[in-house]
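Going by the order they are written in, the chains are A, B and C; count residues from 1 in each one.
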Amino acid sequence: MASAVNEEYISLLLVAAVSLAAPLLFAAIGELISERAGVINIELEGMMLVGAFTGVWGAYLSGSVWVGFLAAAAGGLLVALIHGVMCFVFLANQVVSGVVLNILALGLTSFGLDAVFGSSLNRSVGTLDRVRIPVLADIPFVGPALFSQRLTVYVAILLVPATWWLLNRTASGLALKSAGERPDAAEALGVRVMRVRWVALMACGILAGIGGGQLTLAGLGFFTPNVTAGRGFIALAAVVFGKWNPIGAAAAVLLFATADAFQIRAQALGIDLPYQLLVSLPYLATLIALAGLLRKMRPPAALGINYLPD
Amino acid sequence: MAMTDGEPIVVLEEITKAYPGVLANDEVTLDLFPREIHTILGENGAGKTTLMGILSGLHRPDAGRILLRGEEVSFQNAREALAHGIGYVQQHFSLIPTLTVAQNAVLALRAGGVRISLSATADRMGALARRYGIDIEQDVAVEDLGVGDQQRAEILKALIREPDVLILDEPSALLTPQEAGELSSLLRTLASEGVAIFLISHKLEEVLSVSDRVSVLRRGRHVQTLAASVATKERLAELMIGELRAPDRSTHGRDTAVGDVRLRVEDLWVKDDRGSDAVQGVTFEVRAGEILGIAGIEGSGQVELTEALAGMRKATRGTVSIDGRPSDRSGREQTVAHVPADRLRSGLVRSLTVEENLVLPVASTEPFSRFGLLRPSAIRARARDLIRRFDIRVRGPEVLALTLSGGNQQKMVLARELAGRPGVIVCCYPARGLDFAATESVQTEIASRRGDGTAIVYASVDLDELLELTDRIVVLHRGRMTGEVRTSDATAEQLGLLMTGADAA
Amino acid sequence: MTLPRVSSRRVAVQIMIPVAAVVLSLATGALLLLAVGADPISAYESMFRAAFGSLFSTSITIGKAMPRLLAALGIALALRAGLWNIGAEGQIYVGGVASTAVVLGAPDVSFPVVLVAAMVAGTLAGAVWGAIPGVLRATRGISEVITSLMLVYVAIQLTNYLLESPWVVPHSTFPATEPFASEHRLPIIWPGTLLNAGAVIAALAVVLAWVLSSRSTFGLELRALGGGEQAARFAGVRVKRIVVAAMAVSGAFAGLAGSVEILGVRGRLLEGFSPGYGFEAIAIALIGRLQPAGILLAAVLFGALDAGAAGLLTSGKGVPSSIVQITEAMAVVYVLIALGINEKLSRRRRAREALTGVRRDDAEDLDQAGNVPALDTSVTTGIGSADVEGWHRP
């Protein structure tokens, strides 16, 4: 077995891991931004699903993958807007709205699939090719994983430092964080909490939608019902496990994706590990982390609590 | 401490503000000169905070005017007041705890339309800090700073907008004497640099040492303004408390013979929700048939003390013994009735009906339930009985407790607590916010328990009430006992001094 | 003692909201049907026939309603205490798994014993799965939303693992156990239909839920907690204990749902046997306004829609069954909107009352800054304990 785990094995594993991580990364970063502002999106799964569908739809209609990604972003944004109206205007509990929107998204996308592609047998759209960055892609072990991926994967990776910089080095980031910690104090300090929350929510929708698009447009090439298969929930777990910061969330996503990539290959190595254990890693890890290390795992204090300025 | 002549920078003219049932400010007129430190003194409910709230734009007056540099102004909100150069440092911290001081300042500046980078803000903060001798760590989150530093951070945040007028609401309430001293010098520096300061305070010592003038408010009216140089503590205490009704001792059974010690508290230390020591080494006893008053201003530790006595808050040190038995501190004390300070949040259970509220503590016992099932007829009967005995005005036991008026809610809480003939009663501000009739009712009910040999602890900020009802009074000031007096020997002036920390024990 | 004597107007509103929402959602479904060129009337006709057209189809509807009903009863109970059992789906799975374990492990035990044991096992498994988030919430204040949600996917993976390894059926292409012997299944109680004994259990569960929430001391303490942890604690409620118990009981109901589904409807354990019942149950609990009777009606409605959707598929009219799913989700959306409008109107009314002093005959409490505080401040700690205004009974 040891001989099978050589540089090439690890290299391919990491390539797969990063590839699997990309959709999760988009969604997790989006959710992170939203949660830091105090808004939780249980419907992250629904955002990704709708994005995955509208992405394929857009690509199908236009013939261009990039238009597809635009459509994917719009799809996720739509779900986010509905969530915003439910919670901010109609004061619905954020968790309930999220659960319901997941159900709605499932129905809408299945409906859309039938309505758009109907009896058509050809449901595929073109996908993105990998773009190889010369020299860097030759670095042993991590080279191909980080530098021989589809263009959108690079975008996802770059989002991480960009978000970190946004949160920690800009005044907008401060405003965002304040809205999620102490909305009333923030409002008194001059932050327009509801506006911040709307923007953060919309950003989440756009990014999660792109994440869904990443799944279908950069990989599969078609949409099937429930194609996201719970990735939204993995992204939610990643945000928690990553302690609500972008580096942590990205590391969590990578960890979960590597476990996923590994479980596909584990059987070839003759490892007799139930692969379901690896698949449940995100959830178990998050649970254990929550149970064990609460002091440092503090969520934004106002997370999930609707802010009602009077 | 020189006062400059010239025009006042702020004039509050005939300010009146009413809330349902209460006249918070009654034609109050005050002014403030540049470079002056003007302290506003008064008991709880005197109207100090409402008045400053009006000046800082939080409220709008019902009548009267505000003149700023001779021009009449009116503020729709706090932001407008801030734009006019009026800064307010509130008692409840308003910073975002997870951000640093500098980060909070960036937000505050942006609200004022100043686009500034984080590093430039840090520079500006540093300059300010140096100028006023405020030494706070810039890169530490506010929640990790000590309480004294948090207070100074609040002031820095207010200063960064470069106000001409600064209002501080009880700024030294949570500070150690040394920190309070540092604060006083800071205020003097600020004043000399041109900031006019309104200070709300209870602490007579520091009021005299730092102020130029002192204005006393009482029950919404302006009583008098004195120059600090001619004021004495005694005179101020007298002005604050005013005439007292002659204590009506006969109607509350004070001549009941007092029995054995039922409640003994020794060196009790209790922390508040923030983690600071709200009660510091308090020791006293209460005997059967006796009412012990706990006097103090809000924030002096009365709430935490009474909660600890009832077993609702863990003491960090010291002991509480009830009828000779140490309190087991594991939860609600069975023989201690507790009427909590915050009726809406801690007293009544909002989601339940009146009869459910009344039965809740004993719901799992006979005859109110059997085999885990409630017995509605017994519960209803008890509710009717208690409603009658405690004169709770309600349509029926089946209505939601939330629909009752404040007075009836409090009577309901009383009924719930006193129904079981407890050995010890602990109440905190039981008559707060109630009208005259309800207050009488509540006080009479509690006081009548003397006859049962109950030991009663009665915490209040109202000296009249304490002088009327109690046998002895213990005074708390910032968690410490500053004195213990027999009510019959007590004078308002003496109590006032003790409450404001003048005679620290 | 069950419901406070609220005005009949209020009760009418509380009933009208779900009814109106359901009507609206059916209308929405009709619009969608029109959009795909189908005839709404005949589509709804097919659906109705599939759901209630015969005794047989009604029994199918009831079968589909049962797991949703049981899970929703549990969710509603926890919600009375302000606790969100989002993980009911996971509890359904472990309930099904535990029941299967008993059946597979005791193939020769006689009829009623095995079934009873299996259902008890399922209920207990659900209780444990619910207690875990409960304990974390009670002892460490961790939101039960996140923890119970994580456990859902752990439960699903556990089920899949069991189906692929220990309980795998050799040469099977389909991840499921062998069908249980008929004596290991809930018997049919109405010959000629598919109505199984699970319906009786579900009916009993409705009664039990009602007794628990309205007539038991446990229910009283639950509802007390729902009014605010501080007040409940000060009144002597042992909050930590109640939190764990509430989540455990909630999980027990959901675990029983899984049992009933496996033992009654499916007759075997299979992958994905709960296509989201636990999540739908959250919606059902809300539509039913947390009342057992309302939940029963809502669950039957959803069961009917589910059966109707299957009918649509087989009707050959080319109508996508996803329309039904959308209709179901929209029903909840409309309920949420209606509740939101109701809430906003009451806030406005209360603010007016506070200002003019109407309805109160003595002074309002003034806080330190002299503000008249809002009359309702229900927010408890952190995520998952979000604003529950308006979701409890009035």
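Brief remarks follow.
Just so we're on the same page, contacts are C-beta pairs under 8 Å (C-beta built on N, C-alpha and C of every residue); 3 or more make two chains touch, one makes a residue touch a chain.
A quick note: this is a predicted structure, and the numbers were derived from the prediction, not measured.
Of all chains in the assembly, those touching chain B and also chain C are A. Two chain pairs are in question, A-B and A-C; the one with more C-beta pairs in contact is A-C. For the pair chain B and chain C, the distance between mean C-alpha positions equals 45 Å. Chain A and chain B have centres, each the mean of its CA atoms, that are 48 Å apart.
A separation of 28 Å divides the Cα centre of chain A from that of chain C. Taken residue by residue, chain A touches two or more other chains at 301, whereas all remaining positions touch fewer. Of all the residues in chain B, the ones that touch chain A in their complex are 78-79, 94-99, 103-104, 106-108, 110-112, 116-118. Residues of chain C touching chain B in their complex: 1, 4-6, 211, 215-218, 220-221, 223-224, 226-228, 230-238, 354-357, 360-366, 368-373, 375-378, 392, 394. Across the complex, chain C is touched by residues 17, 19-22, 24, 45, 47, 49-50, 53, 58-59, 90-92, 298, 310, 312, 331-332, 338, 340, 342-353, 355-357, 359-361, 363-364, 369, 372-374, 376, 379-380, 396, 398-400, 402, 405-407, 416, 432-435, 438 of chain B. Within the complex formed with chain C, the residues of chain A that make contact are 40, 42, 86, 89-97, 99-104, 106-108, 110-111, 114-115, 230, 233, 236-237, 240, 274, 276-277, 279-280, 282-284, 286-287, 290-291, 294, 299, 301, 303-306, 308, 310. Contact residues of chain C toward chain A in the complex are 32, 35-36, 84, 86, 136, 140-143, 145-147, 149-154, 157-158, 160-161, 164-165, 276, 279-280, 282-283, 286, 320, 322-326, 328-330, 332-333, 336-337, 339-341, 343-344, 347, 351, 374, 379, 382-391.
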